[in-house]
Amino acid sequence: MLYFENDYNVGAHPKVLQKLNDTNFEKLSGYGNDIYCKSAIKKIKEACACPIADIYFLVGGTQTNQIVINTMLKQYEGVISAKSGHINIHEAGAVEFTGHKILEVPSKNGKIVPEELNNYLETFYNDFNREHMVSPVMVYISHPTEYGTLYEKNELDEIAKICSKYELSLYMDGARLGYALVSKQTDVSLADIAKFCDVFYIGGTKVGALCGEAVVFTKNNAPKNFAKLIKQHGALLAKGRLLGIQFDTLFEDDLYFKISKNAIEMAEKLKEILKKKGYKFYMETPTNQQFIILSNSEIERLKEKVIFSFWEKYDADHTVVRFVTSWATTEEEIKLLAEVL
Amino acid sequence: MLYFENDYNVGAHPKVLQKLNDTNFEKLSGYGNDIYCKSAIKKIKEACACPIADIYFLVGGTQTNQIVINTMLKQYEGVISAKSGHINIHEAGAVEFTGHKILEVPSKNGKIVPEELNNYLETFYNDFNREHMVSPVMVYISHPTEYGTLYEKNELDEIAKICSKYELSLYMDGARLGYALVSKQTDVSLADIAKFCDVFYIGGTKVGALCGEAVVFTKNNAPKNFAKLIKQHGALLAKGRLLGIQFDTLFEDDLYFKISKNAIEMAEKLKEILKKKGYKFYMETPTNQQFIILSNSEIERLKEKVIFSFWEKYDADHTVVRFVTSWATTEEEIKLLAEVL
Amino acid sequence: MLYFENDYNVGAHPKVLQKLNDTNFEKLSGYGNDIYCKSAIKKIKEACACPIADIYFLVGGTQTNQIVINTMLKQYEGVISAKSGHINIHEAGAVEFTGHKILEVPSKNGKIVPEELNNYLETFYNDFNREHMVSPVMVYISHPTEYGTLYEKNELDEIAKICSKYELSLYMDGARLGYALVSKQTDVSLADIAKFCDVFYIGGTKVGALCGEAVVFTKNNAPKNFAKLIKQHGALLAKGRLLGIQFDTLFEDDLYFKISKNAIEMAEKLKEILKKKGYKFYMETPTNQQFIILSNSEIERLKEKVIFSFWEKYDADHTVVRFVTSWATTEEEIKLLAEVL
Amino acid sequence: MLYFENDYNVGAHPKVLQKLNDTNFEKLSGYGNDIYCKSAIKKIKEACACPIADIYFLVGGTQTNQIVINTMLKQYEGVISAKSGHINIHEAGAVEFTGHKILEVPSKNGKIVPEELNNYLETFYNDFNREHMVSPVMVYISHPTEYGTLYEKNELDEIAKICSKYELSLYMDGARLGYALVSKQTDVSLADIAKFCDVFYIGGTKVGALCGEAVVFTKNNAPKNFAKLIKQHGALLAKGRLLGIQFDTLFEDDLYFKISKNAIEMAEKLKEILKKKGYKFYMETPTNQQFIILSNSEIERLKEKVIFSFWEKYDADHTVVRFVTSWATTEEEIKLLAEVL
């Protein structure tokens, strides 16, 4: 059986595991106060070219979104998201659970269109009843988006300018950030992101770690008592080393970028094969997720030999499915998949 | 100055005030356990032709929406609302404050279109990731809607059938219910509503009371320990009599319906005048709220003599404004308004 | 039957009702922006000798406690209360419902003992794990307490000093504040309270109003966007006039104080009678609530003719009961009660 | 330097790490649907002699307490805890954050005394105002307690009977459960716990895992849609394997018990040394945490060579400190410590 259903179906990059092994019996402080967390923070600051960054490690993506949004917003404030945003659809209401409204704007290829964002805010500030409305104070974007698409630098710039004009903070969900940064079709660097965003996270779970996400507050703007807030959300690891060691390894010698590149290269090959074989793309995407429209009979045939992800119904006879590569995908797997397709 | 900005700019119907006076020194039990609450409940059950109804009195509309939704839903469950629904826009996030996501469907003239509702639910149940999605378990509708429009009986029937098919409960916000029930263009009775809905409320604040809304659970389905839940939300009045006496009066001799009728008659006259004078309607509405598109210069002229409600920007030169009649509007006021317009 | 069970068993003071009648058809702005709210605020500022006060009106006591505490605290912060504090026992968890821990200190006669408060805070700041503890940032006291007792000026001064030392705010629940201010055994004035407390509320529901409490932020320290926060809690009245008119009347010509005095005078007579007849007091109290220990047989006899409040079991054969006077208690009622006792 | 400050200062047991290595490139389903989670569940059911158990894996202890309590309680319900309970003191208000009150009862040596529990519940059910009180529906105990003490079987039996009588569920926090089960002074087995408790968790983080706790619902009573609830709390791991593999290893060949035994043996030696050298114990404890009262000068001397945990101030000149052994403590370390003491 071939496995292309997601980018979290194997364990960690071997170097990450090796480091966990090597450091296993070192006696370290708990709750993130260990030398590996500190070293990882230093490396990430450098990678982001953001020496004033406040950096914290959390375990997973939904947890990170929930905590960042809930702690940066006052209770009557809301966060703007594309309709297709992960927080808006696939996090079981984790943001609303902590009391905040998600303010939907339309999405185009998974992205917020700057003009739509501007319209939304203009309309809000023109509403005569806005005293009774949730105040929009943050924009949430994902990069890559849930559909594998990417923002261009000028789009981020425009969005950041709109945020600045209306005094919103900009938050980027980087669950798959590695795959964005090394895409062949991006002009956006990690330093750009640190510049445009007020806060973002660098995803580990889907890019070589067993678990873990690194939250980066770029403007010296981490919420006061953030460690206590993490604890209150039930998200503080006693063995914070687990996260520190992983990120310290991933940001040693650009490992995070190197292994991300593999996913992109394998995705490029996959795209080529799919195109050659005449498969219909649901959306063009420059990262490691490929969405294809398959007839239900084709699905029956394929699923004997490949595991992929069912995304949504397309019409009575077709379904949108997702093929995903990762840091761990091998050329051999792509070759075998080509034979099956 | 003439006042047409809303239906809550005067106090209570004189009979309501009179009853508060007459009963003022009666010694009554607190927290809704008095004879007037009991009498009001009895009368409302009869008016709804729903002997099994559980009825509670709350102080205001947002409070009622928050408590009903939060107590009928499990914490991972959400409520479907039209995009223009009051809970979705103008309640400062009161529903999300208690942890629940509002699931937007498009609105047409303020209403949920049954087909759109059906599509939404079909899509949800076709989504392969719905394990990570908020479960839709309730539909919220307002009647009249925020735009003064009304559901037809067959629309309510269709919506109720969809709810039944997908096991959702149906909740109607009746902040202005009186004005719906006596509209000249409705085929929906209070008994119909009690039949179609699992829970709804009969608005008092905007229909003759100083404050107060009557929540009606129609299927013997009030949440367990509902009084304690009201207390926990900070919404239990020590002098519950204040609400009981008002509703007992409003449901004596059909007072609620009679005074609602005045608002409709005045609104009909107002519509006629507006049409005759060539004003452009933003939407046709059969109840007591009339939405008109005015040029900004016209607004400047009018606001010297009339107070009306600014609704939203229409375009650079025009604004949507609202004129509202109520149980208290007099023929004299309409006549004076006609002169100004 | 005689009624001494509480101080909210009749309606409003006749002057309050009269004013509601007199103003009934005045067209007023909604949501607290009317002239009566403004006038009431002006009068209360003067009564408090606190020109910088921010004043808001809410409907009930539990609602007020919930909103004040939740909006003045950050989410990881808690409020210190006496074990017997109303918020800690009899509000169905309304404070915890909004996410905040109540930090118990022992109570003596319903009051917090300054030394105990100091010990609590010292212990907290000596705890090596306080990074994982809820931060104490507010002290909640009630005055009169739930047992009708009063703080002395020097006690309030001490508590305020401790709060200042540890950077806590001091919040007073004045559900029955009128009865405290005119007690024959108090040296605490309204101006003192405004000076010692960062925020407190003046209870209306139990002192002559149909409903309503006036929250006073004394240091120009109302939470930002407080009106929106009230809305979000479901507590904003459309007809804010209902509260404004009542408080405007209560603070006209010292009505609030005058009617409070009646309760105290009646309570003094009641105490005298109880003492003369040899009843055993559970606690000495200088306000309008009297707690008596009755044998269960005595209870059986009395409850044929008087309604009083059951408080708690004392032992197998005795129960603590409460007799309450109010602004509305008459000499006649006291005389009749004397005959029964 | 010697390290005795806690039981989470090294990584994982080597067999756990080995298994993570061995399985690293196996393609596994996400979110806990993998074969290792299933295998671990099977083994734990057997170890608990509880074939109907529902078992879920979570990342940490505070998270587990928060989720179990919040999902088993209705919103107006509260949980009884000893004053010294972890949820009541050292979880930064994580339980209150989700809306629930913790109802304090006194603690004796970290434990709830059955009689006190019974008194608390009797008092509640005798309170005439309990309609306005948080309903007590769960008892939280920790075993070992925060002070390393253990419940005896007859105590658990009594507590379980009281719970049964008043319809409360019994929840045990087993963050250090391994150390309880193999203590030389316990008569309580894992099967006993499964029998007495409605839900409990088996701690991994402090007993050989990198992270992870196994929640056991013993009466087929896991909350409906528990996986979605975990997601909503931000606590669902994409790579659920991380937890499954660890617990599968820990419950292979009684590893969990064997490694726990080491901690107890080392603690016994430590106690002996401490006693011999005349150190004053703050409390007698039969597990891996030892609390000692040290003079501040002694502390200065010791902390040059040993890291231990500061617990609380004892008096002006003394401090309570904690020495902890774990599955990883070696005889060599104990010997070196003996020399220092």
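Order as written gives the chain letters A, B, C and D; numbering starts at 1 within each chain.
Everything below uses one rule, namely that a contact is a pair of C-beta atoms (placed from the backbone, for glycine too) under 8 Å apart; a residue touches a chain by one contact, two chains touch by 3 or more.
Small disclaimer: the values here were computed from a predicted structure and weren't measured.
Engineer: Is the number of contacting C-beta pairs greater for A-C or for C-D?
Structural biologist: Result: the pair with more contacts is C-D.
Engineer: Quick one: point me to the chain whose Cα centre is farthest from that of subunit D.
Structural biologist: B
Engineer: Can you compute the centre-to-centre distance for subunit A and subunit C, using the mean CA position of each chain? Integer Å is fine.
Structural biologist: Centre separation, subunit A to subunit C: 50 Å.
Engineer: Could you work out how far the Cα centre of subunit A sits from that of subunit D, in whole Å?
Structural biologist: 33
Engineer: As a quick test, compute the distance in whole Å between the mean CA positions of subunit C and subunit D.
Structural biologist: Centre-to-centre distance between subunit C and subunit D: 41 Å.
Engineer: Multi-chain contacts in subunit B: which residues touch at least two other chains?
Structural biologist: 75-76, 91-93, 97, 132, 228-229, 231-232 - these are the residues of subunit B that touch more than one other chain.
Engineer: List the residues on subunit D that touch subunit A in their complex, please.
Structural biologist: Per the stated touch rule, the residues are 1, 3, 6, 8-12, 14, 17, 20-21, 23-30, 59-67, 91-94, 97, 205-206, 210-211, 228-229, 231-239, 241-242, 307, 328.
Engineer: Any idea which subunit C residues touch subunit D in the complex?
Structural biologist: 75-76, 78, 89-93, 96-102, 104, 123, 126-129, 132-134, 309-313
Engineer: Can you tell me which positions in subunit D touch subunit B when the two form their complex?
Structural biologist: Interface residues on the subunit D side: 70-71, 74-76, 131-132, 135, 224-225, 227-229, 231-232.
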